[in-house]
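Below are two complexes that have chain A in common, paired first with chain B and then with chain C.
Now for the complex of A and B:
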């Protein structure tokens, strides 16, 4: 095993731990909705939510980085350049995440001064991490990009997947620099903030997971490189061709000119196209293989990724993206429903597929199956579908009664919190969140059990060579 | 067949991405001009010295902010430079207390507490105790009370921080957001709710 692959495994373990932390704080956040005085002035809702959503970003980022450190040396048939620095930065990254979480829990917020921005909380959604930590994340991203680019330059002819990956990493790192500024004008602040959030989540991350899934499919079902690379290029053309101007659906109501209503509405309506293409291909592949693969959990999670991405990001996104609907749906629990389902379908399922694939390859057990993974698959997906459904019911109720009829005032908002459909939706979200958490526990149990019961392939090969 | 060659699709991916990036760059330049304070959609910071309302514009078919005559806050007429400093401080308060992780601005943020885009002109303040609207908001920020299903936490906001936040809320209520939120503050139709 390459050193880079060992580092990849460490990142995947850390990523799975962050997945757990994200669930814990997500559950806590959901309880505030049904019990609003919970931990009031001790640990307020915003602190719980910050750890929940920042935990989501770190879970996924660590998962992407770990997957790429694992696949890259195999793809280029050489050790990753600068691996020593990358190993050092892994521990720096973990330590920084731990310190930031502790600050968010025990310090929470500061006074209105630059010190708070540098040391405590920047207070911009998803990029709340204080500036010192944002500098650290930038350093990790720069070293990671250097690892990929330098290894490619030193290796044999770069593959199409690696070229796409490099072309994607550059904007990924540059866009993150938007985590630092502090602009008085909220319209400008949100304008640039969406460059970071949208162009990460709905463009560069989509391409990144596209590269990871391309490798996964090649390892999992021996997909032809020629076909996989052609599809990856088609996906890039469609994702970036629709997603770059699809950014416009975030520019409907932030003080930006009216032409964004037409541009954002049109291009974001096209955004489901690449996701539909993935589903068509997944159905074709699954049918051709009659749903059989040696590594069944990885195969099923890869299928869940295609369907989840299409439904959560594509269908749920389309439902609320036209400005005539978005005027009322925007900023309600409807948005939260789309957010939960989209992140899960687009990224979460894909990373779990990678976990099973990497575990099987590392432990030398290609024929992974059993019943435990089926429980976690069912619990996690049922939990997520239930949460998305519950939030959708509450969100549509909000869009009609608080927004369209109530006129969006504070009174309309507060009256909404007492409406039966809204309250039932919030309780159902807690229940399905607990189901999701059970699925996570079973997933970790299954991964740990597979790790313990099977000998690592490398050590077994070394032992055989020694005897 | 040429469509089976990945190079064909690579050319398509590069062309589509490059073209869209160029269009986005051009739109960004135009948009930034319009959302600069004093631009077509965003009022100058010293709008805090004037009255701001929200009315239906029949020509546009949507609600838009209406800037009126002089209406000072805290009995002070702010110069452009003073207003700019005050608004910058207000934004720093909003970031330092992570307001956007409970509330939303222009619908962006968290959905646990009400949207703050038009909070300055919310009918709620007419019922709240205090001599003038700005004083009522300041008092609420410094000593929050429970509002129905949502208790606002005490975030130890000092008077100068609260006043800067109130100025910020007044300024942002003057931003033309293409009709968002619709019908803000308009009386609800008679047959609403279940």
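Now for the complex of A and C:
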């Protein structure tokens, strides 16, 4: 095994741990909606929500980085350049994440000054990590991009997947710099902040997971490189073509020019089209394999990625993306429903597929199956579907009464909290959140059991050579 | 747009894309399964997709440009499974 692959494994383990932390703080956040006085003056809702959402960003980012460190040396048939620096930065990254989480839990907030921005909270939604940590994340991203680019340049044959990956890493790093400027004008600030949030999630991350899933399919079902690469080009073109200007669907209520709403609505309404193509591709592959693959968990999670992406991003997104609906649905629990489902479908399922694939390859057990993974698969997906459904009911109720009828006033907001459909939706979200958490526990148990019962491939080979 | 029309429109839009997904799925299954029920389901989902698109165009208070977009998307959803399937077939046949 290459050093880079060992580093990839470490990233994937850290990513799985962050997935757990994200669930814990997500559950805690959901309890505040049904018990608003929970932990009053001890730990506020905003801090719990920050750790939940930043935890999501970090677990996915660590998962992407880990997957690429694992696949890259096999793809280029050589060790990753600058691997020592990458290994060092892994520990720096983990330490920084731990310190930031502890600060969010125990310090929570500070005065509105430079010191708070550098040491406690940067104050920008989804990129709240204090500035020192944001600088650290930039360093990790730059070194990661260097690793990929330098290894490709030193290698003899850059493949299509690696070229797409490199083209994606540049905007990935550059867009993160958007987390730094301090703008006094709120409209300007939000205008540029969405470039970071939207273009990371609906452009650069889509390409990253596209590359990762291309490698996954090649390793998992022995898919032909020609098929995978040509399909990757088509999908990336379609996803970027519709996703980039879909940016405008966030520009509500922040003072941007009106034309952005039409641009955003138009392009994001086209987004489900390539997602349907992905579903057709998934069913085609499943039909070719007759739903049989040696590594069944990885195969089923890869299938779940295509369907989850279509449902969460496509169906849930299209429901609310046209300006006449988005005007009222924007920022309600309806959006939260779409966000939960879309992230899960587009990224979560894909990364779990990679976890099983990498585990099987590392432990030399290609024929993974059993019943435990089926339980985690069912619990996690049922939990997510239930959460998305519950939030959708609450969100539609909110858009209808609080926004459209109540005119989005403070009184309408307060009255909304007591409405039966909203309250029941929040309770249902807690219940399905617990189900989802059970699925996570079973997933970790299954991954740990596979790791313990099977010897690592390297050790077996060494033992065989010794005897 | 009234509050009730907003909710009805959103539900129709969601149903529109969901039905497109069902049609795509049944289109693929009809290629691998010869069962008549799958073919009937495929035809039904195709008609349901057109009917929902028609309802969005005729009943909802969306601006005509958005209605045109929905009608165009309907054509796209009907074409994508066929085009993608053929493209994949061609790729897989020539992969060696």
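Assume the second predicted complex is superposed on the first by the 466 of 467 C-alpha atoms of A that agree within 3 Å, B and C clash if a C-alpha of one lies under 4 Å from a C-alpha of the other, contacts with A are read in each partner's own complex, and residues count from 1 in each chain.
Everything below uses one rule, namely that a contact is a pair of C-beta atoms (placed from the backbone, for glycine too) under 8 Å apart; a residue touches a chain by one contact, two chains touch by 3 or more.
The shown structure was predicted, so the numbers you read here are calculated from the model rather than taken from an experiment.
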Checklist entry - With chain A superposed, do chain B and chain C clash or fit? => result fit
Next on the checklist: Per the contact definition in the header, classify A:230: touching chain B only (first), chain C only (second), both, or neither.
Outcome noted: both
Item to check | Touching partner for A:121 - first (chain B), second (chain C), both, neither | outcome: first
Checklist entry - For A:111, is the partner it touches chain B (first), chain C (second), both, or none of the two (neither)? => result first
Next on the checklist: Looking at A:270 after the superposition, I want to know if it touches chain B, chain C, both of them or none. Which is it: first, second, both, neither?
Outcome noted: second
Checklist entry - Touch check for A:257: first (chain B), second (chain C), both, or neither? => result first
Checklist entry - In the superposed arrangement, which partner chain does A:356 touch: chain B (first), chain C (second), both, or neither? => result neither
Checklist entry - When the two structures are laid over each other on chain A, which of chain B and chain C touches more residues of chain A? => result B
Next on the checklist: Contact-wise, after the overlay, does A:405 reach chain B, chain C, both or neither (first, second, both, neither)?
Outcome noted: both
Checklist entry - In the overlay of the two complexes, what angle sits at the CA centre of chain A between those of chain B and chain C, given in steps of 10 degrees? => result 90
Item to check | Partner chain in contact with A:240 - chain B first, chain C second, else both or neither | outcome: first
Checklist entry - If you stack the two complexes on chain A, which partner ends up touching A:301: first (chain B), second (chain C), both, or neither? => result neither
Checklist entry - In Å, how small is the closest CA gap from chain B to chain C once the two complexes are overlaid? => result 6
Checklist entry - So which bits of chain A does chain B touch that chain C touches too? => result 226, 230, 234, 328, 401, 404-405
Checklist outcome for this item: Per the touch rule, the chain A residues reaching chain C in their complex are 224, 226-227, 230-231, 234, 265-266, 269-270, 272-273, 276-277, 279-281, 283-284, 287-288, 310-311, 314-316, 318-320, 322, 324-325, 328-329, 396, 399-401, 404-405
Next on the checklist: With touch defined as at the start, can you tell me which chain A residues reach chain B in the complex?
Outcome noted: 32-33, 36-37, 40-41, 44-47, 49-50, 109-113, 116-117, 120-125, 128, 160, 164, 182-191, 226, 229-230, 233-234, 236-238, 240-241, 244-245, 247, 250-261, 263, 327-328, 330-333, 335-336, 401, 403-415, 417-421
Next on the checklist: Give the list of chain B residues in touch with chain A in this complex.
Outcome noted: 4-6, 9-10, 12-13, 15-17, 19-21, 23-24, 27, 30-32, 34-37, 40-42, 45, 84, 87-102, 104-115, 118-119, 122-124, 147-151, 153-155, 158, 161, 164, 172, 175-189, 192-194
Next on the checklist: Under the stated contact criterion, what part of chain C meets chain A in this complex?
Outcome noted: 1-4, 6-7, 9-11, 13-14, 16-18, 20-21, 24-25, 27-29, 31-32, 61-63, 66, 69, 73, 76-77, 80-81, 84-85, 87-88, 91-92, 94-95
